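The structures considered in this document are given below.
Here come two complexes built around chain A, the first alongside chain B, the second alongside chain C.
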Partner chain A sequence: MATPVLSRLSFSGELRAGRTVEARWICNHPMETGFRVDDSGQRIARHIITQVQCRLNGQVILQATPGTGWSSPAYLAFSLVVPEQGGTVAVSWLDDQGAQGQVEQRLVLLP
Partner chain B sequence: MKPWGFWVVLFALALPLLAPAQEIPPAQPPAPWPTTANLSGLAFLPPGLKALNNDPGSNPISLWLDRGALAWSDAASGPSCASCHGQVETLRQAVVTYPRLAADSKRLLNLEDQIQACRTRSGKAAQTGSVENEEVLSLSALLHQTAKGLAWNVKAPTAKATEKNAWQAHLNQGASLFAQRVGRMNLSCQNCHDQNIGRQLRADVISPGHPTGFPVYRMSWQGLGSVERRLRACFSGVQAQMPAPGDPVLRDLELYLKVRASGMPLDGPSIRR
Partner chain C sequence: MNKRMSPKSLISSMLGRRDCLRLAASSLLSASAWAQDGAAPESALAQSLRQKNWSSEGIALVFPALADTGNAVPLETRIQAPQGLTLSKLEIILPENPNPIALELQWPVPPERFVFSTRLRLAASQSVWVVVTYSDASQRARSATTVITSTACLDGT
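Right, the complex of A and B next:
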């Protein structure tokens, strides 16, 4: 099995309409800086996430262009205001080798 | 000297006398880390890391747990774990009994060895070099998570006297290693983990060294590591020659440490500094 790149998205705070909650995205991408060498002295090729896009109900609310300063596992926390009807938050990423991934999480409002 | 210069000097000399007498507070003792011998490493974490440890949302270990769950039912090359063992929970009780004596009673197997043996038997890739296999670690993390809260219960095999003696020999070897001074620092395990619990060692606090929270995510590794990796790092820390991965010495030491932690609850995969 090839190394799967897994993401997780979770919310911290009360999921009620109008409240601000913190969304946390974590991804086990290798985030190899390209500055390191392996045991035999060969340079390890750069392999990092170059774009992260966060969408709330399809609308882009955050776009980030990570550099080599992000360590592995990649972690991003951002706050958002919970819409009236709840909805879905999606975080998608793209790395410099063309791989991409996406994770979605529904905002289930508290009764 | 100018005439006013004398008065300036005199005033400067008299200043300490003019200041009100203040009592210097006695030195506060250092951060109150516990010094009890039967505490898990979690008790020695700073509050921030403790919070990270308890929050599955931002805890990086959850990624390994997810991966372990995928690997458990991965049947791409040979039978999956699930096809023999069924649910992960069925192995709950077994986790706390490792390391165990191998069938040929010549060596000890820890849980990672057992996972590796299973994987080799079912045609999956073996570990190469000193880097730990991420999939084996993920499965180990998943199993340890499942057994969270169970009491460590590593015991001698009772079926045959020869097995029991072999096991006891490994345990004695581990115990003598624990007390043996090694390396350029000339320190034994017990110099720190028995005699200096709760004291600061550079930026870290010395814990009693119970292996109850493995595999651990160490901040300085930026990744997950097994007991074996931690023990090898200890050898490096006291500037002794590091045993190769899989060295029987490491298994003996692990056996002794887990017998030493008998009855303590398994913490599940944890965060460390």
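Right, the complex of A and C next:
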């Protein structure tokens, strides 16, 4: 049974309207390069994330196309400006074997 | 009785102490020169990136000069577009990796500035290149060199 791919999204900085905060996304995808061999000398098949989309309130704000040079666990932290009414940030990914996942986090504004 | 000389005594009878020291010093020098020549040659991609006349204004990189392992080397990048321009595309290039393009970023709504961090997998000690394309199709780039003590990509253990 394949290990489930878990991901987490969190924010760093003051969640106030108009402020720039950092969104941190981490995903325990194996990101197998296809160049490694196991203990028995067999080549380990390539298995990497090929697309990442970051959305803020449904609108795509960042598209990433990773290669084999991305580490495992996959990690991406990026800046974003907090909207007036807050909202939701979602990060979705798709890998070269057709698997996909998504994580969402609400931007709850400070009073 | 025919006394046979040992190699050590034969050498000392032929060479003086100063000659021996001179020989030892020259062999050390040649060994050091060999070690420098024996370093992995730079790839053609790395050479072509280095030979381009890039401007690196507005791009700041934080990248460790030395990393224990190439499996997850942190990279922090801050980009500010020139006046009147926006960011169109960003590429992180690892010239000594089997697949040099490590990450490509694009923005449907192009920003003027962008800050991001990620972690890269390096196959060898090398210079990491961040190449930014702006809204007028002009490009700027900055590189940072790191030395890794243990390579990634090849070991399955």
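As a convention for this text, the second predicted complex is superposed on the first by the 109 of 111 C-alpha atoms of A that agree within 3 Å, B and C clash if a C-alpha of one lies under 4 Å from a C-alpha of the other, contacts with A are read in each partner's own complex, and residues count from 1 in each chain.
Everything that follows uses one rule, which is that contacts are C-beta pairs under 8 Å (C-beta built on N, C-alpha and C of every residue); 3 or more make two chains touch, one makes a residue touch a chain.
From a predicted model like this one, the values you see are computed outputs, not experimental measurements.
> Clash or fit: how do chain B and chain C relate after the overlay on chain A?
Because the two structures are overlaid on the shared chain, the partners are seen to fit without clashing.
> With both complexes superposed on chain A, which partner does A:Gln63 reach: first (chain B), second (chain C), both or neither?
second
> Counting touched residues of chain A, say whether chain B or chain C comes out ahead.
C
> Give one of first, second, both or neither to describe whether A:Leu6 is in contact with chain B, with chain C, with both, or with none.
In the superposed model, A:Leu6 contacts chain B only, not chain C.
> Figure out whether A:Phe35 sits in contact with chain B (first) or chain C (second), or with both, or with neither.
second
> Just chain B (first), just chain C (second), both, or neither: which does A:Ile44 touch?
In the superposition, A:Ile44 touches chain C alone.
> Is A:Ala77 in contact with chain B, with chain C, with both, or with neither (first, second, both, neither)?
In the superposition, A:Ala77 contacts both chain B and chain C.
> Looking at the overlay, does A:Gly18 come into contact with chain B only (first), chain C only (second), both, or neither?
Neither: A:Gly18 stays clear of chain B and chain C.
> Can you work out, in whole Å, how close the C-alpha atoms of chain B and chain C get once everything is superposed?
Taking the overlay as described at the top, chain B lies 5 Å from chain C at its nearest C-alpha.
> Enumerate the residues of chain A that count as touching chain B in its complex and touching chain C in the other.
Overlap of chain B and chain C footprints on chain A: residues 39, 71-72, 75, 77.
> Looking at the complex, which residues from chain B come into contact with chain A?
55-58, 60, 62-64, 66-67, 70-71, 74, 76-77, 129, 134-135, 222-223
> Can you list the chain A residues touching chain B in their complex?
1, 3-4, 6, 8, 10-12, 24, 26-28, 39, 71-73, 75, 77
> Under the stated contact criterion, what part of chain A meets chain C in this complex?
Contact set of chain A toward chain C: 20, 22, 31, 33, 35-39, 44, 59-72, 75-79.
> Please give the residue numbers of chain C that touch chain A in the complex, ascending.
Residues in contact with chain A: 71-73, 92, 94, 97-109, 113-123, 153-157.
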